[in-house]
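There are two complexes below, and they share chain A, which is joined by chain B in the first and by chain C in the second.
Up next is the complex of A and B:
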């Protein structure tokens, strides 16, 4: 008697395992809702970080403009929050109706965290309302500090919310090894599932990426306002805002590769065959595209800085150097992106899987790429330094010596990076893994020490004239747009990488995808989906910006202090 | 302002179009769900070829390398005046028919390395089931040659699971031929087992894993035997991070005589 019953049960299970969505299909629906939700989530996570930092600069640096800037962003957040929630609801609706069995599996394990997630989202929105609507109320003294604390809380909630969601998706990618297809999900301990191998690396990678993202979107917003500005003063304000956005985006971008490297290593350590799929298997071309996008980011960001020198009196002195910087950047980008070099050979080795050692592929590639990217990072940092120096002349007696020491530090750092990059080809993989650490350390310590020297050296420096904010050709503003679009696209691509490496598994080697969409599509199809998601997202963001403009004209208030404040920028 | 708006929209769309275009220009590899390919006893050559084409462009992952510039010889077009693969396969190795050569290319790719290329082709019999292997051979034969693969080529033993690359699929594949052709020549065994993909031995091979040239001075025969049969039994000092990489399948691939020959050979490397 039991057998037919079991059969019936099985049949019922199969029929309810997957739903179908009209026209575009179940997978496309979940793909789009998840990705757009994620982009908005990144937006509402990245922008508050931005807002809190700028508010703090306003409070502690005494520059009113930063405070207004901060408020202008918080206003955009209000609508963005609703958008995040709406897309999130659509995603849950999609998952629960189109992938009911998988959804049931996830909820069985993660239900408590899902409730916490919803609750925190609520608290977060509430904090946001207080933060925004209390802005003018709590403007002075202690109250202002309290207000700033609200902003910090907003970030704390947001980060926890993201960490929780990351637990779900990293569990899908790297479920703890003791969990097998036969493990009863009710017996899986929540924390055990949350603290899986890739959870922390993804948390860190995403937090940083979201800062970049926030900065990039802010930059795009500012450039739009700049182009639309009617008065000189307005233009100056938005020029400056675009600069700050770009500055934050680029600073965080510099750290991203390190975090990405860590994430990649964890994936390898968790499961080599997954690592092979990612770096050498059917996804190996994805990294060539990723390299291209990152090269675009670095080049565009630097290009913007170099144009920006045109508005700084005294920058002429540094102008000639930019072409050397450009050469390094382009060379770095080529090394990183070329598939038919020695780099590709080790990647090809990785494609062999089975009898070959996968670290060679991944880390061979990674360490060669690391050499390129480390040099690109150094170059970008140098661009910033020149920019910072542009309108000042140091007066401290040791200025000359200081500059020479700084130059030497750059030389040493670049030397270390190159040395280990080249040596990497002559040693065993196991030794090479360690090399990238030296490269990173050299670059990071160069950045730290050179910055310290620079700050000391700038004391009492003689000014060659204030930055002429607003004196920017429109092409610089279009560069900011390209940055924002590229970064958003990169996010979509990496999201595809993350879920694509699971291939035909909902939960890697635990729950198989048996739907008709189980095959993982090729990059061409994925790129169309990504472009569509980016388009949806950017259109909605444009709408949000437009709404923000309707509610209140810009926070820009013409004041005489704009000139005075300008000197702090970028310092 | 309209002009500016139009420009912005143009730049956004242009950037998106560029990225989409690039992503569509590169080789398109879709990751298929591995399927147990079941071909009946009366399967026609056409069915084999059709199934093989799917394997070739899909799960086999062949297009990751083949058809991509200098990485690997193009199989579907002419290669250095020798014709497409179906036309040139019979002329590669003297005494080997097209079918034998193609099987060898998939089962033991380093046995004959096409000149001008690096020996990076993976052992496909480890990753694909015999049915998949033979259908892809049929497909390759159809590219300029005659298809002579039949159902009798495909061993009736249950195929190795395509999802577990460590399964010793290489063994029984060639119509029942034993591992390394049954040879007890240690060099042939090492060649067939692919040890040199990771190890260096007498100046040959890769440097990922410990150099085996003097392994006999570090380990006795017993220890080497255990290491091959059960790689997890001991881990070489300094290579802890790579523990678990050495395949665990050698023990099931080789005959006892082959294993012994290999062990004695290595133990003599002092």
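Up next is the complex of A and C:
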């Protein structure tokens, strides 16, 4: 991009290219509406995934509690859908009145996809109405399967809608290389613009993240109802619901870093300077905060499981080991959060000989961080395994051999992760990057094979007693709150990182932002804006929860089924 | 040690509250006292000490509260100090101690010092895809040191690089290429330490070329202020001299430059 072209572009801006919004300014308005819209969108995409999975468990597992749980959440979706649409409309009005030149450019390229988007949103809404209002009508037999199919369709429409919107924002980030500032937007083929370098990685990352988010919001809802519960039975129901939400959130969280890594790699491949700005440049501090927040997620998720062992007969066998898991997690969090470039005063800088610490600096590079996160994932998986097994004793004749094989798989996976982590320090960068693939493969293989063995081993297992649902201290429920708040904050934070690396471009190196808000905001300002968005979203979600309780009684029915609760998801 | 003391010590060692205190103290001693005395190490910046201690504190709180019995035991001494009449003196000392600590921290925060405030700066500026060097356009993406194409001439290039380094770079980057030149103490940020595994070891030669050629004024718009005192060397050195000095840097430090990733089609 040469300077004369930029000058031409700036000169063209004498026509009305930007509008102004009172008090908070155009950028802040678009920022807030886009972020809150996205959070609600994640809510209405994540929760149906949750609902359809739990409904399936209800149908095929024969446990009606799951069916009621699924319905309770679909009810919340009705209000959340309108909130999503309202915030979406505000965003579109904001873009078209405050950034008209940019919006005109985007609509010129993407118009047909926008029509399809609107049509699908319509179809999606009506599928939701059918899904919710038909719940009690299509309750049995084939009709129930048809109802479940509606739930699947709801997810299909929602996912396509998200993929379309992802195309617009990823085009802004990574337009195909043959598109330049002089390219007439009417000549750009729609599919060419959609299938840009970061479209599919973002699609995958967001699908998984929505599952995590849906589970976390369900967990927060359950904890709110648990703390407000008046009877033991109600408490038991919401304790169980919180567990299911947390289980789904943490299971999906385990694979989320791999999808994020793929996205990061694609950004580097597309434009090295964009990648460096994101990971090593002025956005790098966000990754230190992100590391800290993800460590909070891992620690809190595990904490919830460990407290939960208190209500499982037989869990005493495993409790002595949780402290070792905690040590690995804390050490992992320390390594993961160690910055490569440290904040130091001049005396400390002089002592270190620069802003890299001569000893701890070794923990600030990717080899150490990949090793730490992979070991944290393995540890969290082990926590789940212990929790899952807590109230059962396997009876299959090969149980001992199976456990030994599982242990060996953990040892091999941890060994592979450590080996490549250490070896990474002694090879050049290009080889080191490839090592992370081996580390990920080792961890994923371990998770898959150990789970398969565990499922086979659990066949006909002897029960050591029913789980005492509801026997949880309030602090365990605050842990679920922390998870939901942290996930929401992380979404805002990393969304800013992804969007902010475009810097002063509406469309990277194609259309420059020539407004007075072109400068990338300082991190302090950004974190305040993100916190504000999180606050707005969570306040509205609290309102939705309250409405959910106001409209009708919870789907919880106080019956003897509450006593049945010895089952786990996945058993 | 007399024998009646042993059970008392054991009681403390097994009590979750004192275990928590012990772990925190131990962690602090390791981070502040042990890490700096390890070979080749240095003091740990306060920001990192704080970060580590918060992480350990979270871990300790999880440990003491993930089990009902342990949580009850952990709270016992705290509750006792707060309410039991027999511990009036201890309570007074704790209240005075906490107040004094808060006062000290506040004083430390507002006290004026001569030191410049800590700087939250990024160390990896993003390079442009191409630059102009004395009017000639050079594409940095995929670029390797052109002098490496002539292995027979490498000794002469290295000799030239050495001359260039000692004539121009030595005052800041030092005789050992460790950023400890005799001008170094006057700069903030300090000149780059090439021996460190976090500088040229992580970079492609084209990145280093861009940094040498364009210096501090050529740093990108984002992440400012950079405050770099690095001169714009394209005004004083030729293209070949810069590539030669880059060869010299890698040869002297023993690092290998970062290489470019090849795409599926085999292009760089």
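Convention: the second predicted complex is superposed on the first by the 523 of 571 C-alpha atoms of A that agree within 3 Å, B and C clash if a C-alpha of one lies under 4 Å from a C-alpha of the other, contacts with A are read in each partner's own complex, and residues count from 1 in each chain.
Operating definition for what follows: a contact is a pair of C-beta atoms (placed from the backbone, for glycine too) under 8 Å apart; a residue touches a chain by one contact, two chains touch by 3 or more.
All figures in this text were calculated on a predicted structure; none of them were measured in a lab.
After overlaying the two complexes on the shared chain, residue contacts for A:104 are found with neither chain B nor chain C. Looking at the shared chain after the overlay, A:395 reaches neither chain B nor chain C. Of the two partner chains, neither chain B nor chain C is touched by A:24. Of the two partner chains placed by superposition, A:422 touches none, neither chain B nor chain C.
Once chain A of one complex is fitted onto chain A of the other, the partner contacts of A:455 are absent, as it touches neither chain B nor chain C. In the superposed pair of complexes, A:333 makes contact with chain C only, with no contact to chain B. Of the two partner chains placed around the shared chain by superposition, neither chain B nor chain C is touched by A:143.
When the shared chain is aligned, chain B comes close enough to touch A:293, but chain C does not.
In the superposition on chain A, contact of A:520 is made with both chain B and chain C.
Residues 272-273, 277, 281-282, 284-285, 292, 340, 344-345, 348-349, 351-360, 428-430, 433, 503-504, 520, 523 of chain A lie in contact with chain B in one complex and with chain C in the other. By the touch rule above, chain C contacts chain A in their complex via residues 35, 38, 40-48, 51-52, 55-56, 58-59, 62-63, 65-68, 71, 115-129, 141, 178-180, 185, 188-190, 192-193, 196-199, 202, 221-223, 256, 258-261, 263. Chain A meets chain B in the complex at residues 224, 227-228, 272-273, 277, 281-282, 284-285, 288-289, 292-293, 340, 344-345, 348-349, 351-360, 428-430, 433, 474, 478, 481-482, 485-486, 489, 500, 503-504, 513, 518-524, 526-528, 530-531, 534-535, 538. Here chain B touches chain A in the complex through residues 1, 4, 7-8, 11-12, 15-17, 19-20, 22-24, 26-34, 61, 64-65, 69-71, 118, 120-123, 126-127, 165-166, 194, 197-198, 206-209, 238-239, 241-242, 244-245, 247, going by the rule given at the top. Chain A contributes residues 269, 271-277, 279-282, 284-285, 292, 295-296, 299, 302-303, 306-307, 310, 319, 322-323, 326-327, 329-330, 333-334, 337-362, 364-365, 425, 428-430, 433, 473, 475, 503-504, 520, 523 to its touches with chain C in the complex.
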